[in-house]
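The structure under discussion appears below in the form of structure tokens.
First chain written, first letter: the chains are A, B, C and D, and each begins at residue 1.
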């Protein structure tokens, strides 16, 4: 970034932010039409409540951050798989699997000091999720089964497994026998790290995860190879990389990150595994977060906070407007996905490649590859450049 | 260059909009006008025609008692704390939480808001500002089981539950004991579909039950119950409803509904709060409190059977019949 | 024996939504489009069908309204994937989320938090004269609501359309090699767009059948994975209408089996029989994925310069 | 004779790039008109405009005296213009006849493929082309596919046929067959536009020629008969004097680097693609592999580089058996590989130059230590490499797709040559490049040889094969038919061998 004038920096920032901002505006506009048609409230008043509930006060921002943590985990899960060319729609199932295994370690391996018990619980969450990721990868590598459908099916299977565990083996043996596990002991719980706020240490863990995501993909050879294979598997094979290995490793890590998220959610927020622990779609919202963040580490953090804010704020919107349903927030999140993925519609002028030679045939191929190989032509993360040049 | 300016313009528009939004919300700030504000936090949808619907009915009854009400639905456990805080910030004084899943969280949050009275539905804990009442789902199941066992001609009856949460599981236990109480030889098939939403699964399961000889079906699965009622209607057997208005989808099959009108429980709890007369122990809300009762019969049923069921209802209310939940 | 007939009849009934949606998806898949959003489209079809039936008092008009509304949403999907050329999986995921949020919002706005479903006209069982009297076979095949007959009648028609008609050839070709189609004057964008709209028609009808044929009301989230199963049925059916029918019947039968296993009260925790359809889906995918007719241009946007 | 086609002042811009600049082009009815130019001169662009695939930025087209407004190929076909593209526009999963009727205006909704096949076969007979209408295109040879493409156009009753580089994938003998078809078309009164950069072919079949250079017309409507000197034409095409021969000294072969013995490969469809392939490559020599595309070259290279597993046989590298080693280990053992398709294999378009340069050796010092990338060193290395191989790029942070084809290839060649290699495998190193870039890359390959590397060069270009290698292997149908010293090679001899005709066959033609 050396030698850039302030104007250039401003332009670069605008370039980065242009599409996300346009997508958010468009989503809010379309969302306001939905509000107009389904309620008597003024959409802008409703949005005002939503904004206030997500970012307006210290306490609402606290809720937003708490909400953002699992979303950032699932977004990381989707992102690392996507970087390797895999579409992981199974973060929900991996999240659930991680929660189950973390709960198991949390409630069965008691009597350990927190310094051992807590890391073990987190590790169990990671492994539980990565096992689910690994199953997907193995079926893809061995049988060529599409990960899209396999991951979705595994989501359902994970939910049923969770139901089985909390009604069967893990059932808390206390009348009146609620379908839930016993409470996880203090030695395996995560608490708040800022007095007076609810946001828990999971935030530090997920930020660590974001940093490792960045560091792994851009600073290590293994991550570099994963990116090569993700953008162009044929070239990866040519350069002596194994696509199968990359698929397995990335889904293993993706599952692990989602599973870690599930573990954190259980030991920091819910305190025990319940049959209704996963009524929320952490997995699919995580995809939206990843996309809005352009699979970029910093982007994931910011979009995670934004989505956390929309979720947290939608509660306040529902409460204060009294007739705008919180599901409008889901509509807005969905619209953000659509407008981000379809961001080309906001392009004012068709951008063309700068080509140094007039070779239209090559150029044609190039354009095709741009969209085939890397359907999201990803700008390099800003922090990478800063880091490298430093 | 022009592109940059267009983008700049776009971003300016956003900022203006955002400021407008913040300004808009500031104008509608709360003012305390002495009316008690009562909130209800639900895990499911109010449109479930069952558990949450009757909870919402209860809230509306509370509104008729002069309170100002607010509700949130589809609130997962992870959002419950935020919901509580939102209501607390908005000056709510009473918060009902309609699921046992909320128990841990509610206890945690209740400590932070001593001025707010919490009511936990189907929980087993209490604290200074936390009261719990336990809806006697088992009693509902007991009555259903007893009636089904009296009605059956084939000697086989079926219970279909939804998600395996406490009310559903307790209902199943009650169902079994009630059936055995009137007829120790009756064969009981009892299963859960694992979902309150998947109506079709409940319906198909109901039909499969009929294949096993079941001739009286009893659902307890919130909105999925409707599927069971439809199955009974289509297969030409009898059904016993578990909530309000479920008979509408089964005009020739629905015998009666064993109603668990939780709205009565909500209203009763609120009245006790206003009166300041709340014991510390967990309040049972069942036949004794008029929450669980046998509704109007839709079809012709022998008076003897009706009488026997009334008798059982009285015995449940008086505590003469105790249901074992272990 | 009677129980067997009942089982098969159930399998056919349960296969129908998968088959209806699958018969649409098979065309869009052949055209090179992977529509993960079918789940959402079916949900929209289910709600708009009930609203339509309530409004018009006629189930067929309701189904028509369901189809129209669903096609409008399919057009949104097509707009983003075919014209804007965005990633199909991502847009499909977005459509699912949108449908989920929107159906809740609209259902609440229209029907409110009622405790009883509104009475609507629905698809009723229509036994076919004479044929339904045949022992066993009659019960298995000829005592169903009309959409079930329609779905199965559509299979040979779709098969013929796909492999013997000009449209079918175009659809198969734009999925294999859009550029080659361009050079013989086929409008790739239009063909793909229309294929998606057609899959929208079928998804809408499938959704309407779920809410008005299998049931008689709408509940939130009622499709419960049916769209994904339909997508899997197309892969398992190796991208032919006939194959989709066989795959749908396999899934239908596995569901019917699952319910029967549960009804038998075997003592197996209920969650395990419930997993059967999902496990069969995964298993069937592993079985066919290597020797598949998957179009060469699947999921790749066509960018013409 | 009157002009059947007039293209007037055509300009086509792709963003900032001008592909055609004020091009005027006129074709008379019943002639074979050559459109001559280097790769990237704008020939294909011009024809794609005519055929309705691109829209011109400005300029007008007249066909048979009337304005021609084509929005899509459908309009062009309706007016009687057909085109056979350089990359075939066929669908491998469909049968020949399905490909032929696809998009045909006369189709009824219910297809009568039998009637179509009958008409198709009659036409094929008329032009002496033997194609089974029911065969899947995926199973056809390249030559058959081209004939199918021509028939596909003729099926639509076109009277002007554009052939875009039709000879690139044919053996000299197949080229003759194609010329016969062209002559027959002309005899029937049709018009042919023949795109090529091969001068002898143009002399052989064309009546007139128009030369394009860097998107502009260098010469219009030259009478081919009046051209006396090929160099004159070459000069027009290239616009500067070019060293047509790469400087090269006789080779001094050293030890055996690559030893291939009885290599067999059977692909997933069960086809025996490589049959008992044996040869050696020594240090300091260039061995050329010559043959028509699709005769097993691609599989041979993939077997050698560990991308495919041979069914039997042995590959030794520097005396070590590497037959079943992974691609990574083989690259590690000192093999440089310039792959056949740089877009698909050689680079990652969405990554920047430095990442592409680190792609192969990323796990080695000094690219990385213990799994951590050394971007600072890679940056330095990349800058040197860009400079040494004169890759034109704004910076090493530029994405590879934003480079021109020639510069991409230079980057790939530079990367492979800068690695420590004992064996360099170069596949179609000059495909798609202009003469300048071709000569540069060829000279770099020769330089690698002179440094003592063994080089295996696969090419379909006879000119290149005749010029660069010290020895030539001819591959046909998966077999090595002959191994010739460079001195023993001639265009005719290689041509016959590439067609699978060995000297024994010549004596007794089958």
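In this section, contacts are C-beta pairs under 8 Å (C-beta built on N, C-alpha and C of every residue); 3 or more make two chains touch, one makes a residue touch a chain.
Owing to the predicted nature of the structure, the values given are computational and were not obtained by experimental measurement.
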Study note, to complete from the structure: By C-beta contact count, C-D versus B-C, the higher one is B-C
Review point. Chain A to chain B: how many Å between their CA centres?
Key: 33
Point to revise | Between chain A and chain D, centroid-to-centroid distance (C-alpha), Å | key: 44
Practice item. Note the residues in chain B that touch 2 or more other chains, in rising order. Key: 74, 164, 194
**Study point:** Shared-contact residues (touching 2 or more other chains) in chain A
**Key:** 160, 163, 167, 325, 327
Point to revise | Multi-chain contact sites of chain D, meaning residues that touch two or more partners | key: 14
Study note, to complete from the structure: The chain pairs that touch are A-B, A-C, A-D, B-C, C-D
Point to revise | Complex contact set, residues of chain B against chain A | key: 3-4, 6-8, 10-11, 13-14, 17-18, 20-26, 28, 39, 43, 70, 72-79, 81-83, 85-87, 89-90, 99-101, 103-105, 124, 134, 163-166, 169-170, 194, 325-326
Practice item. Would you tell me which residues of chain D are touching chain C in their complex? Key: 14, 51-54, 72-77, 83, 85, 89-94, 98, 101-105, 107-111, 152
Check your understanding: Where on chain B is chain C touching in the complex?
Key -> 45-50, 53-54, 56-57, 74, 158, 164, 189-195, 197-201, 203-205, 207-209, 211-212, 214, 223-224, 226-227, 230, 234, 243-246, 248-249
Review point. Residues of chain C touching chain A in their complex?
Key: 34, 36, 76, 79-80, 84-87, 89-91, 93-98, 100-102, 104-106, 108-109, 225, 228, 231-232, 235, 269, 271-272, 274-275, 278-279, 281-282, 285-287, 289-290, 292, 300-301, 303, 305
Revision key, fill the gap. Seen from chain D, its contact residues with chain A in the complex are 12, 14-19, 39-40, 42, 44-45, 214-215, 305-307, 326-332, 337, 339, 343-352, 355, 358-360, 362-363, 367-368, 371-373, 375-376, 392-394, 401-408, 432
